[in-house]
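Both complexes below contain chain A, partnered by chain B and then by chain C.
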Partner chain A sequence: MTGLGALFLSAAFVDNMPLTLFLGLCTFLALSRSPEAALGLGVAMTGVLGVTVPLNHLVYTYLLAPDAWAWAGLPEIDLSYLSLIAFIGVIAASVQLLEMLLDRFLPAIHAAFGVFLPLLTVQCAILAGSLFMVERSYTLAQSAVFGLGSGAGFALAVAMLGSIRTRLAYADLPAGLRGLGIAFVLTGLMSLGFAAFAQMAAAE
Partner chain B sequence: MMEVLLGSAVIVVLVVGMSAGLLLLRRRLLPDTGLDVSVNDAVHLAARRGATLLGVLHDAGIGIPAACGGSGTCGLCRVTVTGAGAGTPQATERGVLSASDRRAHVRLACQTRLRGDCAVRVPDDILSAGGGVVCTVASTRMLAPLIREIVVDLPQEHPTEFRAGDFMQVTAPPYRLDFRSLDVPTAFADAWEISGWREMRVASDAEVTRAYSLASRPEDAGRAVFNIRLAVPPAGREDTVPPGIVSSWLFSLKAGDAITLSGPFGDFHVQPTGRDMVFVGGGVGMAPLRAMIHQELGHGTQRHIRYFYGARSAADLFYSDEFTALSTRHDNFGWTPALSEPAPGDRWHGATGFVHEVLWAEMSRHPAPEECEYYLCGPPVMISAVLATLERLGVEPLFIFYDDFGA
Partner chain C sequence: MARTTDPWRTLTDPLIRQNPVTLQILGICSALAVTTTLATAVTMSVALTVVLTLAAGLVSAIRRHIPDTIRLIVQIVIVASLVIVIDQVLQAYFAEISRALSVYVGLITTNCLVLGRTEAYARHHAPLPAMIDAFGNGLGYSLVLVFVGAVREFFGKGELFGATVLPLVDEGGWFTPLSLMLLAPSAFFLLGLLVWALRSVLPEQSEAPEHTPPLRTEPAE
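Here is the complex of A and B:
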């Protein structure tokens, strides 16, 4: 398997954002009540991560990295402490763009998101994607694959949880567990399942 | 120094550049174009993208009722909207509209943001009722410590036809009021002093509209009669919760003052059947029931009518003499006022207890309580207690009609 393919699978399964790293749980739990909304969230996450991680890679490499300004004769300048504010700006702009595109072309999904789409701006999984990119020194191609892979992993996990929660409509749950309670239990069980992928990766 | 300048420049250029790009894209993707809203295929209104349908209709003087002020909770602004421009129902509408409503393209006008051209169907009487009409207050009087009767002269050219049970919308202008300036009759002055209502003050800097049921009798033709209950804050929270904006303003009105009304509207009406009718009211729930009872008895109906009315003490009971007189004049009308806490000085000989308890005691002796029609109007707590009592009596929800003040 090529390096990029392995990176995609590893980002989607081994380092699954909600189930292994427990990032982005708020939208993960809130929007998994119906499979349609869950799938919409998954697509949106994949889109936003796939766009923001390579964009932030460009911003970081050419503006903020320790030797980014060496060509201008300023090798000592290191703006990497500005990466948080720059990344959040780029993410906010991308989410805004996504919201406008959905409003224009897919109004049904836009109505299903409601207030949750703007919340993606400050979603921890999305910022984490960009921060991991810096920490692990990915190249541009790797950043794009990593972003898409994390997004796909999130989409898979949230679609699975959405489908299970729909089936639970027929289950006779104790009153205290209905709703979010059982969703937390499910998330824990799914997380145990995804731990198996980490074992497979470690065994190689 | 170089680093500070360069860092600031990078962030500023990045943010400004992205904002400019988004603004340009927004103009391309979501053009701010004018839309066409056709109302009942007769009227065409121009609107802007993103405006709420309720706002567009109100600006055109089409007085769709909206008791909650457009927050999507009262469910009065139902309209049928067709066309791509209406979008899909919002999450706020799902709580108010049933699945069959949604299939029939019923929407809440206040929650419909326009995205394109659309066609709206509103009841014809709303289209003809037009916008607000300025009327004159004919008289006001206090009926109970917190309830005031306000009689309004309707202008000659305004259609005075209304069905008993209808309501009208009252628009209060911006005002400020110190409750010390209200004249309270001596009979109720003590209650006002003890409760500290005289200390209240209220200010409003915008026009506010609320719906009030009509209490007009057939002999009040050309006039609109309202029973207004002053919405006072819960005891102990006078400093944090302001008194009702429109009800306070209505309490300050005197004969000869101007008042803006629109309507009448409503879907709480007497059903054209032959069944016995049981009316249950509390507080200012009196208003629509009084209109219905007077209208039915005025038509010379042969249906049996019983009226249960709950109040706290004799001071809160109003129109009692009027209904006692009606019950002696008409054999088919029975009047049962019930006091939950009669004061020692009331010398009360009538029914005691909450109105749903009195209703249970009386109706469980009725040969067939499930064959009667029930008309309820009162505070939400009373309505839910009476609904539970009626379920115990075996009454199908089909035969129960109620107005819980849009709660």
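Here is the complex of A and C:
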């Protein structure tokens, strides 16, 4: 149990997707103009990552991994080179499904967060979650925790950046630095802060 | 989007004026992750430019046959197939660099730059202009990558392409490497400063303030 808890914390803080691994930055920067939008994006990310990483784990282990077809008498079939297409397909399908389910059963949540869902199909952080899952050979439980953890880390980071950017109203920035420029610098400062978590993990 | 048909403008506009990374906020993830050394930055740029150009050509060639509702999936499948080919080529011939790039080659699939250009340009234009536009955007992206990669490797290790330029203190030289340059935050700072520099030269790119302070209801003491 402690193993899973530690994995959740490490996925959320030490390997924070946008701040230490540079993943999902496009949406991270584009949608952090206001804290509300940022929070919506974060919640949507957590949901989608928590669903797709374990799903892709199942797809990989039972369909694509080198020994997956041994039970059918075809031990030499190795489909792992197809994983990229398979993962993207799973992600696109589950995002679509999630959007339809939310629309049908929880229209209030859909109205608040629904606009971000289609964007998440092409979010690098989501695909990367699945790719890391294969690279580090997690079990099913581990991949679910890893997905939720990295989603939570992303939500935390994007909500923080959104709040900081609101406070920029009080800062008199040079014209060229406004918007994207200062967002990069802020992200860099936050990334410095998160580097401390990596030090804590290394010190243990 | 400039509605110009002049191929030279289509090619050169994305280099500086419509740069995909600094103005359109596209393809930033990989731009930062792979720029610790110049060699990986150049490999990534070439891989991305090839994928982008071919994908734009293909999408544009079948643009009249893609139903609107499933166009995203069709485009992603085209891009993903191209990326798998590139990934296999890199693993076969540049094993060292392929390991350094790790998952980021696979992530070209979801690089918003590729999908952004196929969605915004290739879907409405003939194959040749679409490929020129894609190639120009690939070059613009490469410019930023090579610049950031060069700065980070030069100041972080005193090397360019792995060849020593500034002799390090450890090896009897005088240059103390700035190890911060090799860590994540420096990439953000460099890109932020690059955006600032570009917008000082081209002031029409700067954005309006995002938030204004709330009006004071009581006079100050």
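Definition applied: the second predicted complex is superposed on the first by the 186 of 204 C-alpha atoms of A that agree within 3 Å, B and C clash if a C-alpha of one lies under 4 Å from a C-alpha of the other, contacts with A are read in each partner's own complex, and residues count from 1 in each chain.
The working rule: a contact is a pair of C-beta atoms (placed from the backbone, for glycine too) under 8 Å apart; a residue touches a chain by one contact, two chains touch by 3 or more.
Here the structure is a predicted model, which is why all the values come from computation and not from measurement.
Engineer: With the two complexes superposed on chain A, say which partner A:A70 touches: chain B (first), chain C (second), both, or neither.
Structural biologist: neither
Engineer: Once the shared chain is lined up, is A:L97 touching chain B (first), chain C (second), both, or neither of them?
Structural biologist: After superposition on chain A, A:L97 lies in contact with chain B alone.
Engineer: Quick one: is A:I85 in contact with chain B, with chain C, with both, or with neither? Answer first, second, both or neither.
Structural biologist: A:I85 sits against chain B and chain C alike.
Engineer: Looking at the overlay, does A:A169 come into contact with chain B only (first), chain C only (second), both, or neither?
Structural biologist: second
Engineer: Identify the partner contact of A:A108: answer first if only chain B is touched, second if only chain C is, both if each is, neither if none is.
Structural biologist: first
Engineer: For the three-chain arrangement built by superposition, which of chain B and chain C touches the greater number of chain A residues?
Structural biologist: Touching more of chain A: C.
Engineer: Give one of first, second, both or neither to describe whether A:L131 is in contact with chain B, with chain C, with both, or with none.
Structural biologist: Only chain C is touched by A:L131; chain B is not.
Engineer: A:T20 in the overlay: touching chain B, chain C, both, or neither? Say first, second, both or neither.
Structural biologist: second
Engineer: Just checking: does A:L29 make contact with chain B only, chain C only, both, or neither of them? Give me first, second, both or neither.
Structural biologist: Touch status of A:L29: second partner only.
Engineer: Let me check the overlay on chain A: which residues of chain A are in contact with chain B and also with chain C?
Structural biologist: 82, 85, 89
Engineer: If we count contacts the way the header does, which residues on chain A are in touch with chain B in the complex?
Structural biologist: Checking each residue of chain A against chain B gives 59, 63-64, 69, 74, 77-79, 82, 85-86, 89-90, 93, 96-97, 100-101, 103-104, 107-108, 111, 114.
Engineer: Along chain A, where are the residues that touch chain C in the complex?
Structural biologist: 19-26, 29-30, 33, 81-82, 84-85, 88-89, 92, 118, 121-128, 131-132, 135, 165-166, 168-170, 173-185, 187-189, 191-192, 195
Engineer: Enumerate the contact residues on chain C facing chain A in the complex.
Structural biologist: 22-23, 25-30, 32-33, 72-73, 76-77, 80-81, 83-84, 87-88, 102-103, 106-107, 109-112, 115, 183-189, 191-193, 195-200, 203, 205-213
Engineer: Over in the complex, which chain B residues touch chain A? Could you list them?
Structural biologist: Touching chain A: residues 2-3, 6-7, 10-11, 14-15, 18-19, 21-22, 25-26, 29-30, 87-91, 115 of chain B.
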